[in-house]
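All chains are identified by letter, namely A, B, C, D, E and F, in their written order; residue positions are counted from 1 within each chain.
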Amino acid sequence: MLEYLLSFLILAGALFTFIGSLGLARLRDFYTRLHGPTKATTLGVGCMLIASSVYFSNRGAGMSLHEVLVTLFLFITAPISAHLLAKAALHLKLESLAPPPDDDPANS
Amino acid sequence: MKMLPHPLLTPILAAIWLLLNNSLAPGHIVLGLLLGWAIPLFTVHYWPEAVHIHKPLTLLRFMAVVLLDIVLANLVVARLILGRPQSLHPAFLKVPLELRSDLAIGLLANTICLTPGTVSARLSLDRRFLLVHALNAPDGGAVIATIKQRYEAPLKEVFEPC
Amino acid sequence: MNHLAIAPLLLPLLAGILLLLIRHRGIFPRRLLSVAAVLGQIGLALLLTGALSGGDILVYHLGNWPAPFGIVLVADALAAWMLLATALLALFALLYACQGGDARGRHFHVLFQLQLFGLNGAFLTGDLFNLFVFFEVLLLASYGLILHGGGRARVRAGLHYVVLNLAGSALFLIAVGTLFGVFGTLNMADLARKVASTPPSELGLARAAGLLLFAVFALKAALLPLYLWLPAAYAHTSAPVAALFAIMTKVGVYAIVRVYSLIFGAEAGPLAHLIEPWLLPMALATLLVGMLGVLAATALRRQVAYLVIASVGSLLTAFALDSVAGIAAGLYYLPHSVFAAAALFLLADVIARRRGATADHLESAPAIAQAALLGGLFFVATMQMIGLPPLSGFLGKFLLLRAALAHPAAAWVMAAVLLGGLMGMIALARSGSVLFFRTLPAMDQEGRSDTPVPSPPTPLMKPLPFGTPGGEGSVLPVAAALVPVVGLLLLGLLMTIFAGPIQAHVASIAEQLSRPYLYVHAVLGVRP
Amino acid sequence: MEALIALSIGVLTACGVYLALRGRTFPMVLGLTFLSYAVNLFLFSMGRLGIGQPPVIRAAATAYADPVPQALVLTAIVIGFAMTAFVIVLALKARAELGNDHVDGLDES
Amino acid sequence: MLTLVIPIAFALLGAAVALSVWRLLRGPSAPDRILALDTLYVNTIALLVLLGIHLGSALYFEAALLIAMMGFVGTVALCKYLLRGDIIE
Amino acid sequence: MNLLLAVLTPFLGAILVAWVSRFGRSHAAWAAGGVALAALVWLLPLVSAPFAGATLVQRIAWMPAAGLDLAFRLDGLGLLFAGLILGIGLLVILYARYYLSERDSMGRLYAYLLLFMGAMLGVVLSENLIQLLMFWELTSLSSFLLIAYWREREQARQGARMALAVTGAGGLALLGGILLLGEITGSYELSVVLASGDVIRAHPLYLPTLVLVLLGAFTKSAQFPFHFWLPHAMAAPTPVSAYLHSATMVKAGVFLLARLFPALSGTPEWTWLVGGVGLLTLLIGAFTALFKHDLKGLLAYSTISHLGLITLLFGIGTPLAAVAGVFHIINHAIFKASLFMAAGIIDHETGTRDMRRINGLWQFMPYTATLAMVAAAAMAGVPLVNGFLSKEMFFAEAVGMATQMRLGWLLPVAVTVAGIFAVAYSLRFVHDVFFNGQPIDLPRTPHEPPRWMKVPVEVLVLLCLLVGIFPAQTVEPILAVAAASVLQGPLPRHDLAIWHGFSPALWMSVIALVGGVLLYGARRPLYAWHARYEEYLDARLVYDALLRALLAFARGVTRLFDAGSLQRMLFLFLSFALLLGWIGWRGGAAALTGPRALLPVDGVSLLAACALIAASIAVVALHRRRFTALVLIGVVGLVVSLIFVKFSAPDLALTQLSVEVVTVVLLLLALYFLPQHTPAESHPMRRSRDAVLSLLVGGGVGALAWAVLTRPYTSMGDYFLANSVSGGGGGNVVNVILVDFRGFDTLGEITVLALAGLAIYAMLEKLRLDGPLNDAEGRAWNRDMHPAIMASFTRLLLPLALLVSLFILLRGHNQPGGGFIAGLVTAVALIMQYLANGVEWTHSRLPGNMHPIIATGLAIATLTGLGSLLLGYPFLTSTFGHLHWPLVGDFELASAMAFDLGVYLVVVGATLQILIHLGLLHGKTGDALTFGKGGLQ
């Protein structure tokens, strides 16, 4: 049972991470590419970390929950990174598939 | 100087300390509490404002919603990425903000980033609008409404109940 | 436990830390502390010399770990000799700096003491990687010192110096790493033991590593063709730093002597005399090219810098002879050349400050104040530096040539040394003649379009009170400024007068160096 | 695996040398950074390669990696960092004093 | 089961790394490259965690934690540079 | 010790005189005279010994092991020369008192003269040859000062430098020669060397020794082709010429020939070299002297000629020739000194030395003219004056030599020709100056000089006559002892009579006298002829050309290397290292690949390596786009960390990751102030050249790594693994090595880091830079300085990051981590605040002054190490123990942890110091800010 759970988590983690990177490579403008890594990858790593937690908690040396910390950290930081990247892209006026927002100087 | 500048922070840090050490040994509990007390003392000046959580339960519910949305969001995004890129309808959405505190706005922005197909791209300098990029938003208005109702409202309740 | 071996390291380190802690206090207590620390180091070097006089080698096991696992400090006669030369030099460089130069930028004294920490560490350590670390300490301190005060030419020269040394450090690590990868040890005595029995399959690697290490040391020692960083760096840094840096090239020389007498020396089996085919030609070429630079230089400071290069050439010629007499000659020559070069750097600065805009350029300028005194000192310092009798420079050259006679390449050595001496004499006679004889009338402002306009005469010439920070162009009170110069020249004079006992002492050091098993035995307690 | 590491070291060194030989301070600094990577890896590889046997004493472990090169590399990394920082600042200082970012202070372009 | 899954996971993560590196080299814009680098950092965390499970060693955790921290700071600094030039002002 | 004192007295006296001269010119003269007399007084008690045939040697040990002692020797030759030096020296001192004008510094001239006198005495009284050489070089140096006495005159400076260069070069050659003599005989002592003549002459090194010694002698004595410096040395004040160029300096060379005569002479090489050079010099000097219109120029070439004569005599090498040589040394010194003084008087009185303007001075100064004519007669070799006697002996020796070899008859012919010219130029000196019509356009009206200016000339002329008329009674005793000590053996029979009968020598004298008069009669066409070729006949042209060539060569070589190009320096260094490495490897002749079993390659590793290589190459390819290059470098750093992780070095990975990000921040800070792009400036040639070198160096390092990686390994690591827990109290062996086994490395390393912080601070202190207003594409910067979302969240992250860093610090001893990494994490956490919130905001919360933290860290680390000293253990000896605390349980404390804390503090302090001050660099922010108490120090 444990092994199935682990396998699922590992596979899901790897898959989401892969999909995130795939989006990065595949999508056609920066803003859409931005979505892949910030979400899929975060969840992918999250799954992987939970898998690790489960794995090490069941090795007899007590609970291993410190992986949670990495997840927590990623969940706090990834959005900020994405936000800043988007902000930079807007500042640089990168080409966009979506109609670009009005350039209100107050919004720069 | 207050001896306990952030009463909430002390147990959180102590807990994180135990997480880091993967241990519940009494020594680590003592040390964790010690650090949980000392670090806020040193970093008190760095905190933007006193954080007051008015409705802890709402916060918890909000967190659960977000967690769920994260999972869903990933599925959605995964589908979109694996699908035909040409079929996407990306859009920039301007979300008017009612939140005022930095922390709350930040939390909202982060939440938007983590949840279905949206990335918060820019906060206007006057902090009244959040520009959001949506991966696939044929109906922009609906997305804005969801954001405001699903995320902004609970956050406002928790942090700015006035 | 005899802590004498580590005392020369702790003293400057603690002094540096203390100076950092009292950086808010006035300049006077900092100067006092700095000078006291250097005096202490002189005392320690003398104590150490005394303690080692019986031919002992003091081994200090840091952290109480046995060699070759822990780091050891090894105080032998050579190390003590280097420590003494360094401390004496430092005293006078510091005294000169204390007349205002130290206040022209931040942290002069901290950098100075830590520079000494690095130098002393390099001389005392018995561990190759620790040598690297101390090289870095002394280099970083030297980076700070060389840029002290700033300025266009100084920064450019400093940049070159820094970058080249960074490349050198990288190569150092590669060489040390390879030696470690092959022999599995860093302790120099242990390496010496293991190198002596290198299996044939590892010979290529060991030789490559040994020669790469030589490239690093040659860079530090400023051997041809790697001396290029030196002229500008020494010519453009502040005078006391240039004076102190007279020892910097000697660190490279020391490392060459240490490593290639101990690890790749006579007892290194298949790797014995590793650099012998390289060292002598390079040293002789350095000597000659250095002297050509002396001839070609158009400014006094640069000329002295080239003299330093030439002195490295002479010095390594002596060591390249690979005989007790040669090493002894080199060991006599080493402190002499350091003191003489430092004296000249300081003197050049005193002179340059008196020549207004012309500074140390070898062009005519209005006659300077106290020309007789300065000219006399210049004359003596030059004689000292280029080895004219009867001063220590001549005695060093004499010992070198005498030792060279036993070498197959004696004719080359003699030709290069004598030719070099001649070129130096021609060049410095010209310099002295331009600086002190070919003067312009003080007020003559007209009809001299080909020479630089003399500086406004009086305002810059006004002596500053002791200890006031001033611009580079300001004039120090001559008596105070000359104390270090005279002191350094007196050191040379003492080396002349007591040449006999000193020669006996350096001969005993050379004797010790020629028997590396003494070192190995002292460190490892076994005979190889 | 050893070949991969040797190749990587070689490539890093080559890139470092090429960049360090450029005439402007910034690429030169990049080159020195590369050299620093290369040297650290080189020094590290002098302890040979081993997988999954860190030199942290554990009851279960049977084999350990050689801790000595690791300690040396750590020292080298930190020293390299100090040097890189210094040379970066020096490059700025040179820019300010010389008016351009050529390593010799002359603007050839 | 795990012996089957782990190689697959390694392959997927490897592919993810490759895609990120491709984007990094390809660009075209500076934010693209930064994003790719950031993604690469996150991919690496996943790889390390997987390696930990694979080798049964908990010693990779700190590396993962630090990559998360340092990757973030790097990304922030790079973005700040694009926005403001002066990253500490 | 009298000899030492006699030599030292003038040196010390020079200082005395320089000081006394401030009280007046006569005081200086009296003092100088007193010093010379004092030196003489030291010698007086010893004079009897040489006359008794004894050689006095006095010695003080100096460098006995190197064969160099202060050893002085007084024998006949030394006594003769000492007498000349001091006697003529006294006369010159007296003469100079009246010669120098009021403007000239009396004290300086006397001081230099006394220096020279001491050096000269040292030369002639040395027993040790090295010591002789030292004084020899001192004569060159002091004569440099004397010739350049009128330093404002270009001619004087040039003449002085030329004299120094030529005689100094000779001195260096002489040093070589003496060293070889020492090598041959085993001693530098004259007594030994002079007794080893046979050994020396038979030694294979004889010829080089001879040549080197002769180079010394010939340059000093102005022998052809080194003679040209002497005329140019005439720029010196005339007393100096009278002293240096008659009796002393130039005589040092022939003194050396005399001194080493027993050791070196008696071989064909000696005869040909010494005799040949002497003869050539004799002829060229005599010939040229006739055509010099400058009074002192004539005397200078005459001196050259007479020195050639003496050299020729020593070259002939018979005992009698040596006696004649010594005799002529004496005679020449006397008459030439008086002639120079006379010339000085004329110069002094007329204001010129041009004989074409000076005519008919007999009318103005008959007394001086008489004196000069007697001296000139001596120079010409007229009977009854001293010059005649030695010249007769010389002619006789030339004739004697003629019978001994083929074409030997040429020698008497040549010396007779020289005699003719000598008579002619002496005649010119008399006729052209004192007669020959009326003076032309003299600057001054001449009259007799002051009384005391004439006295020295009178004394010397009187000596000329006394020796010339009563040789046996006057000069014979000193000549005998001097010649005896030259020969180091029995003296040949010689007769100092004026009349020897109608010998060939007499006829030669007659021919010379008659021919000289005739030649002088035909002077006008000769002058005209000579004037046409004069500019080509000056050996100085050769010297100048050589010097110019040397300078040009020096500049060329120096420019070739020292072009101030960093790229060239680096290229040279790397090429040199490559060459050494290659040669080293080749010398070993072993297979590149060793026998060690290799690890298999897995896909992820392959991928990572590809990423690393691709990114590296991309950085190189795109390096001109600086920001892009910077982003790409991130991959390299990451993969390097991964390599560390993969191959069991978690500590390294953590350190590398932290360092990486700090470096990127640093580079970004720098990039802001630097141009965004690198101009394409390298020539394609240079690029390909650099590329080739890069590939070679990279290949070399890679091959080195490969060679080591494939070889078996025996490590000392086992010792550390075994002792880490038991001896160091920690399970993370890397950390225990860092803080304990090799803690000293770490102490040095944090010193480096601290130094970097301090040096960078010092460098940045006064630096303010203006950043660009636009980015690389010309866009204005974003107006949002501190994006709100980032700002608020980084603040939240700070406690978390600090907690993590403390976690890493505290566990480092047993698990991956430690002071370095913890310090870097803390620094990065704080830097993040700067990034997100700006300097102003952060500075109001964090002290910007990191000095105390750096100092404290260093102090803690050092003091931890010092603690063990108190207990009698070596520096850095660690201790550890387990404390049992109630409730908490076992708690390990190790002194090494305190050391690690020091490391932590230094890392935090230095890193922040560097970054903060870089951040403050921007002029617009840096100036506006004010900081808390004490400011940023």
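Keep in mind that, in the parts below, a contact is a pair of C-beta atoms (placed from the backbone, for glycine too) under 8 Å apart; a residue touches a chain by one contact, two chains touch by 3 or more.
Predicted model only: the values in this text are computed from it and were never measured.
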| item | value |
| --- | --- |
| Given chain D and chain F, the chains that contact each of them | C, E |
| D-E or A-E - the one linked by more C-beta pairs in contact | A-E |
| Innermost chain by mean C-alpha position | C |
| Taking each chain's C-alpha mean as its centre, the one farthest from chain A | F |
| Rounded Å distance between chain A and chain D, as computed from the means of their C-alpha atoms | 31 |
| Centroid spacing, where centroids are CA-atom means, of chain C and chain D in whole angstrom | 29 |
| Chain C and chain E: spacing of chain centres that average the CA atoms, whole Å | 49 |
| Gap in Å, rounded to a whole number, between the CA centres of chain C and chain B | 62 |
| Shared interface positions of chain C, touching two or more other chains | 129, 133, 136, 140, 143, 147, 150, 156, 159-160, 163, 167, 174, 178, 181 |
| Chain A, residues touching no fewer than two other chains | 20, 22, 34, 36, 42, 64, 66, 69, 73, 76-78, 80, 83-84, 87, 89, 91-92, 108 |
| Multi-chain contact sites of chain B, meaning residues that touch two or more partners | 16, 20-21, 109-110, 120, 125 |
| Chains grouped in pairs wherever the two touch, ordered by label | A-B, A-E, A-F, B-F, C-D, C-F, D-E, D-F, E-F |
| In the complex, chain F residues that touch chain B | 783-784, 787-789, 791-793, 795-796, 798-800, 802-804, 806-807, 811, 833, 844-845, 885, 887-891 |
| In the complex with chain F, residue positions of chain E that touch it | 10-11, 13-14, 17-18, 21, 24-25, 27, 30, 33-34, 37, 40-41, 44, 47-48, 51, 59-60, 62-63, 65-67, 69-71, 73-74, 76-78, 80-89 |
| Residue ranges of chain B in contact with chain A within the complex | 16, 19-23, 70-71, 73-74, 77-78, 80-82, 85, 88-92, 94, 109-114, 117, 119-122, 124-126, 129, 131, 133-135 |
| Interfacial residue positions of chain C with respect to chain F in the complex | 1, 3, 6, 10, 13-14, 16-17, 20-21, 23-24, 60-65, 68-71, 105-107, 110-111, 114, 117-118, 121, 129-130, 133-134, 136-137, 140-141, 143-144, 147-148, 150, 156, 159-160, 163-164, 167-168, 171, 174, 178, 181-182, 184-185, 200-212, 214-215, 218-219, 224-229, 231-232, 278, 289, 292-293, 295-297, 306, 372, 379, 383, 388-390, 394-395, 398-399, 401-402, 405, 414, 418, 421-423, 425-426, 429-430, 433, 436-439, 499-500, 503-504, 507 |
| Touch list for chain A against partner chain E, complex | 3-4, 6-7, 10-11, 13-15, 17-18, 20-22, 24-25, 30, 33-34, 36-37, 41-42, 44-45, 48-49, 51-52, 55-56, 59, 64, 66-67, 69-70, 73-74, 77-78, 80-81, 84-85, 87-89, 91-92, 94 |
